[in-house]
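Here the chain labels run A, B, C, D, E and F in written order, and each chain numbers its own residues starting at 1.
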Amino acid sequence: MPKVTVHRKAHFNAAHRLYRKDWSDEKNFDVFSKCSNPNFHGHNYELIVSLTGEISKETGYVYDLGKLKDLIKSEVEDAFDHKNLNIDVKEFKDLNPTAENISVVIYNKLKKHLPKDLELEITLYETPRNFVSYSGD
Amino acid sequence: MPKVTVHRKAHFNAAHRLYRKDWSDEKNFDVFSKCSNPNFHGHNYELIVSLTGEISKETGYVYDLGKLKDLIKSEVEDAFDHKNLNIDVKEFKDLNPTAENISVVIYNKLKKHLPKDLELEITLYETPRNFVSYSGD
Amino acid sequence: MPKVTVHRKAHFNAAHRLYRKDWSDEKNFDVFSKCSNPNFHGHNYELIVSLTGEISKETGYVYDLGKLKDLIKSEVEDAFDHKNLNIDVKEFKDLNPTAENISVVIYNKLKKHLPKDLELEITLYETPRNFVSYSGD
Amino acid sequence: MPKVTVHRKAHFNAAHRLYRKDWSDEKNFDVFSKCSNPNFHGHNYELIVSLTGEISKETGYVYDLGKLKDLIKSEVEDAFDHKNLNIDVKEFKDLNPTAENISVVIYNKLKKHLPKDLELEITLYETPRNFVSYSGD
Amino acid sequence: MPKVTVHRKAHFNAAHRLYRKDWSDEKNFDVFSKCSNPNFHGHNYELIVSLTGEISKETGYVYDLGKLKDLIKSEVEDAFDHKNLNIDVKEFKDLNPTAENISVVIYNKLKKHLPKDLELEITLYETPRNFVSYSGD
Amino acid sequence: MPKVTVHRKAHFNAAHRLYRKDWSDEKNFDVFSKCSNPNFHGHNYELIVSLTGEISKETGYVYDLGKLKDLIKSEVEDAFDHKNLNIDVKEFKDLNPTAENISVVIYNKLKKHLPKDLELEITLYETPRNFVSYSGD
């Protein structure tokens, strides 16, 4: 059967701060500039989850996007939406919540709930002008 | 010459229903949920057709996007726009018109009219939140 | 207190056909062209509901957009989403489901559930290129 | 001369929390739900500033959008971008930073720097789905 | 019958230069900055044409958007698309092609072909960040 | 460390004409149609620059998007924005400024300023409906 990629969009709104605990505020500002504001800033993150696999002969689906929507809700939206990533989300207790790192965390959270034969890619918009993509390499 | 991908957007508005004739309405609803409404629902499909090949030294084009626009019109828009995919489009008489299957049908309709040395990819938005891509694998 | 307009976006996907029962298919095609296809076509309708009123001194809200989201869901999305407007929605049994008429129907459905001192406006996108707005005049 | 409205888009990313200091966390959660997270969340705010007035016969402009861009930068972006609205921005020390209240604050900050004969309107997107508009009434 | 506004989007791509013939290049640069480049620059103009009037009891339309699309094509797209506004379009021979002035020209070109009882508004995006609106005042 | 792609959007507005100096106006019109208008036309070009590489363990970045923004400004925006590509930009003195060729020129301008271990891809929208991508093959 043909191999198709299916994509589902979702979104969450969160506060964060880019910094390293072992650096001074000055050093953090040098490296992360205004993104290191100690009082945090925030974003409307837009997320695209992409799954590649063969079309099921039975349903015509690669993967039921309704099920994918529910999985994104329970694994990503419930965990990140209207949260402070640095304080409220355990994965970023010791990991700088850059868009790059957030995309890897989301990949790992979703991957274990998906069939092994589907390839997964994460695209994450931090703003309409800055975004990242990660496919597990 | 450098190898570049050129993309052209188009769109069509259509009704459809996801279901299998050999299943009961109950079974169809179990699998396809509200998408199996026997009276149909519909979408504004947004289509991106992508062609990859070498830039022509003569024109600076990979492929004339005006010609591609005309090809999309005759093969896709004239056939699908303001139609009921299940009833009016012969390719879906016995094929469930999921976004996955529609993208494969569009790929096959366009492929035979394009130069053999161009790679083709189809991206099809069923809604701004659900979309698929297919490149012939 | 200052008077502000708050807007909430929503969406539903539906099939429809533009026609008058008392006209022949030929006359319907003359007036409504491809939109009168007897087998229906469909759209991803994007809806903006706008409420104008004074900011509440207590909350800083004009109207809780979470409540508005729930109202749009129960009155509009549950009634129209993944439906055939002509067949499944009683308001269009004898009313041509043009974008103009749909916007008036949505206005009337929402208006009676909203505080009398709030002005209501409906903006309805039938496609990204065709849309209408109605504010009760 | 004809009266035209000119619009300029801008954006800022900020953290905020909806709450009243004189309410308990429970009461704040009752009213503002997840938006009252004590650790803050955040948004990419998209701003449209609109000015209505007569076209200048000399320049063909209502107002130089380059000057408006600079004014938005100094009054809004420099003050709000990558900030925590509740903590870092003095206007919200005792004012709940709802989208409604932010739009009024932006209106008042810009109004005093603009020619008196121009009408001003603020449109502020908190998310692509929630937005407000204010024109000084 | 209810009064509704119907909107139709269109687009054209054109070159232009902002300047006054009776000013020096220096003065033009002082006032219009980089927009006065003597060799021109250009834009993808996005146009929204809005008509307000009563819904026709017969058709459910305010105005047939197919007819409006054709009118925009013959009056605006055929005249402006892939043109140099300063050189190729007679209305701008002695009129500075600012977005403000272009919107007034489009208004006047369309107005005379439309029923007198319909109100007309023009919205013109010069870029996604700069746009104007004009309704005949 | 995981390999992630980071993307940054930018834009520039320019005039251009598609043609070959060694062809007649008739031949140019035959091949490039309205795009060969001798008086030029123009576009709002939207640019996406994508870099693929390993996440830095130190910063959580693949590449500082603030630095990338500055590089795009000095190499692309300062050179192309509000310019006539055919006349003002030396790379197109003898190269037809098709979207394909512009994307290759941008690739080459940026590539030499970037770390060798980062893969670069250019996506260039000439209009919202026509765009190209190039990754150095």
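Remarks
The criterion applied here is as follows: contacts are C-beta pairs under 8 Å (C-beta built on N, C-alpha and C of every residue); 3 or more make two chains touch, one makes a residue touch a chain.
Owing to the predicted nature of the structure, the values given are computational and were not obtained by experimental measurement.
Of the pairs listed in A-F, A-D or C-E, the one whose interface repeats that of E-F, with over half of its contact pairs matching by residue number, is A-D. Annotation: 28 Å between the Cα-based centres of chain B and chain F. Centre-to-centre separation of chain C and chain F, using mean CA positions: 41 Å.
Centre-to-centre, using mean CA coordinates, chain A is 33 Å away from chain C.
Shared contact sites, meaning residues of chain F that touch two or more other chains, fall at 128. This structure has the following touching chain pairs: A-B, A-D, A-F, B-C, B-F, C-D, C-E, D-E, E-F. Residues 2-10, 55, 59-62, 65-66 of chain E touch chain C in their complex. On chain B, the positions that touch chain A within their shared complex are 18, 31-33, 95-101, 103-104, 128-134, 136-137. The residues of chain B lying in touch with chain C in their complex are 11, 13-16, 34-35, 37, 39-44, 81-84, 87-88, 127-128.
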